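For reference, chains read A, B, C and D in written order, and residue numbers begin at 1 within each chain.
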Amino acid sequence: MDNVLVKYIKEPKPVNPVLIEGLPGVGNVGKLAADHLIDETGAEKIAEIYSKHFPPQVVVEDNGVIKQVNNELYYLKKPESIILAGDYQGLTPEGQYELADVVLSIAEKFAVKKIFTLGGYGLGRMIKRHRVLGAATNEELVKEMKKYGVVFPKGEPGSGIIGASGLLLGMGMLRGMDGVCLMGETSGYFVDPKAARAVLEILTRILGIKIDFSKLDEKAAAIERIALRMKEMEKQEIKRKREDLGYIG
Amino acid sequence: MDNVLVKYIKEPKPVNPVLIEGLPGVGNVGKLAADHLIDETGAEKIAEIYSKHFPPQVVVEDNGVIKQVNNELYYLKKPESIILAGDYQGLTPEGQYELADVVLSIAEKFAVKKIFTLGGYGLGRMIKRHRVLGAATNEELVKEMKKYGVVFPKGEPGSGIIGASGLLLGMGMLRGMDGVCLMGETSGYFVDPKAARAVLEILTRILGIKIDFSKLDEKAAAIERIALRMKEMEKQEIKRKREDLGYIG
Amino acid sequence: MDNVLVKYIKEPKPVNPVLIEGLPGVGNVGKLAADHLIDETGAEKIAEIYSKHFPPQVVVEDNGVIKQVNNELYYLKKPESIILAGDYQGLTPEGQYELADVVLSIAEKFAVKKIFTLGGYGLGRMIKRHRVLGAATNEELVKEMKKYGVVFPKGEPGSGIIGASGLLLGMGMLRGMDGVCLMGETSGYFVDPKAARAVLEILTRILGIKIDFSKLDEKAAAIERIALRMKEMEKQEIKRKREDLGYIG
Amino acid sequence: MDNVLVKYIKEPKPVNPVLIEGLPGVGNVGKLAADHLIDETGAEKIAEIYSKHFPPQVVVEDNGVIKQVNNELYYLKKPESIILAGDYQGLTPEGQYELADVVLSIAEKFAVKKIFTLGGYGLGRMIKRHRVLGAATNEELVKEMKKYGVVFPKGEPGSGIIGASGLLLGMGMLRGMDGVCLMGETSGYFVDPKAARAVLEILTRILGIKIDFSKLDEKAAAIERIALRMKEMEKQEIKRKREDLGYIG
């Protein structure tokens, strides 16, 4: 068995499409963004990527039917894009490199010249505004991205970019591909649809398309309700403890 | 040395057999079930699978003779089945994938069309009834399994199916094989022959055969005795401590 | 670079020699025994085995000169034997299998028919007598070994034999080689030259040779002195504490 | 994708150059030394080494432009030297061996006959003097190095030399290359430019060149300021606590 197995469903012939990556990671920002983009644009699945670098696992859908964990490629016609989405990133460094290498080979095959990788930038504290940080393969792209509202604070992200979002750009550079990483600021405590929206707002402006964000907003509202309920439960807990003490006292 | 080494002992020519897998896992349910099925049906060993993905270890039998740890394939004539049993699963994700791949290649060679994987579903609490949960490669199989008493609670197993029981189905699907995972509910605290019996009761009904369960029941009784003795010792311990306190008091 | 690299120094043409393995492990019994056997018989080095499965490390000798960590093969003329000694065992399960495979290929090349692997059997408690436990590839060998005083207690070693001592026998069996593992009982707390002597006493009787044990006895005495000194220091400590208390009291 | 990918920028034709290695490690001594040597001599980059044995990561420079993590080779004309510098060492033992093997193949290609590896020797306590410890591939080199002030204390380093600094010498020996490891004594608590300077002072004497150390001294001063500030903050903390107690008392 090959380390990575690509199963093509359709083989479109795009002309210089962009590659957009959104896989699980900090705040699941990248995955939320890519999945939402696929849903809203009706991009169609063109390939499935299976690999021994993913967990040895199947997921069970609500109807009792299983699905082998994988990554998937979707094709969007306008503007021509290949979108990479999926359940997992490679489990090991070697796996990450091999998967990035396969994706870049597919990208070359589809004549991809530019890559957008989407992710979250964890701040470790609650935030109000969701800025979008950037990193790019050259200074012209940095300049261009600034026009779209992407920020490039000096010294951030200090630890670099780890995983597929970094590797596709870094290893893509070696193949002559340009690229940008868009990182939505997030607390990193929850999955963060708001950070995903911030990233998508900028990406869709770059791509020159408009999409509906209501489903992402619903997810954000649902998560906020959960967060609120948790806070409420905490308060109740404190209140009850005080009452108990009052009773005793 | 190949990563996986298959040593054939016999090469039967079955016509569309099923593949049945039962390897170590939660409550050892799968292994107990497969081993019992082999013992009771007199299925004969046809192949041994050695691999660097198993622990670097030999077991020592009671007569002082060693045996390299492995997986083994057995052949059952009625109904035609290949049964996969063994000491261990692959130690790493990559190992799991490679072993599943080899087993599926053997299954293809023997013209296997359907796979049954057996395992346990750990609940983390003591249980009275041992339901059998299912997951399958398509909705028709889900429907069919429900007739045999297999349950498919929505959202379970939430974490998917990890290891050989999941992978053989998931990777088997990619080769066009159908399959079902039968998971016996178990506390997960002990090896659980009762859960294995629950799984086998359904599997034998599906296969249309009858087997004796007395040895599995004996094992269940033995484990119950051990559990009881442990409880008893705990009680004694508490009692003794009380008496000590009484003496002091 | 190959995963395992064998550098031959001499290539003797032995006729049906035995292979003797003694690598680091529980109480370092196997290594102590093999190293002592090499020293006392004047066996000469015939090959060095380097591998990426060993630690990425050099040792520095007392004269400041480095040596890449490795395993080494020695050749003994009477009775014809190949002795495997070394600094380390493979770091991973895969590494253990690959190294055992290479050693067995060399053994086949030298027409080895029988393997003796030497190791320790850790009891987790201080012991007076150092019995030698055995495990073998067939019942005839078990019987034969009993004559030499090797014991085969039912159910021991319960966890099987892990590492090179097990693997060389288990994987050797698949190549048609017979073999015995001799395990010297040891507390497992210290390196144990006494257990190594017990193992060598039996092995040399089997091989029909006599060797001097005085250097091994010196090592045993040195370790006993260290153990005694540690005990003494502990007692002093307790005594001082009591005196302190007396002063306070 | 190959496990290691070498991208040549220039291909000089040196005559018997030396190879100098300085990668991250204890006190970052080796990396500091190699980077400083490159900066001060104006050695030019001739190759980049990418590998799946490095972290799957890009670094982001201050201008927002990314760079795939790698190792790099520099070429110095006088005296002819190839200098190996980089962000990371291989993450796994196998990776360490593969990377060392690739570097040694490049060294052979450039007709390298002698290797200098630079590192730190962590003492686990603050030190005043920064001695340079050595280890070499033969006794003549040990003698020669002693003339330059390198010390070879018996039994040190007791644990051998781990990583690229050891492996390049150990595996280089197998290819007939001579070599020396120069280890600057360091506390191991901080990155240690002083230890790097001590190592470079000896190396440049061996190479017969002179370089400016002021930038390394600046770094040392900066780190000393940080260490002082930390000490000061600790003292303040203790003082404040005492005052608090005084207030209470």
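Here is the rule we go by: contacts are C-beta pairs under 8 Å (C-beta built on N, C-alpha and C of every residue); 3 or more make two chains touch, one makes a residue touch a chain.
Not measured: the values here are computed from a predicted model.
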Margin query: As a multiple of 5 degrees, what angle does the CA superposition of subunit A onto its copy subunit D give?
Written below: 90
Next item on the list: Could you find the chain whose CA centre sits the greatest distance from that of subunit C?
Entry: A
Note to self: For subunit C versus subunit D, what separation do you get between their C-alpha means, in angstrom?
What the structure shows: 37
Next item on the list: Compute the distance, rounded to whole Å, between the mean C-alpha positions of subunit A and subunit C.
Entry: 52
Next item on the list: Would you mind listing the residues of subunit C that make contact with two or more other chains?
Entry: none
Next item on the list: Take each protein chain as a node, join two nodes whenever their chains touch, and name the resulting shape: line, ring, star, complete or other.
Entry: ring
Margin query: For this structure, enumerate the chain pairs that meet the touch criterion.
Written below: A-B, A-D, B-C, C-D
Notebook entry, point to check: Across the complex, what residues on subunit A touch subunit B?
Noted result: 1, 3, 5, 7, 50, 52-60, 62-69, 91
Note to self: For a test of understanding, state which residues of subunit A touch subunit D in their complex under the given definition.
What the structure shows: 90, 93-94, 96-98, 100-101, 134-139, 142, 152, 154-157, 160-164, 166-167, 169-171, 173-174, 181
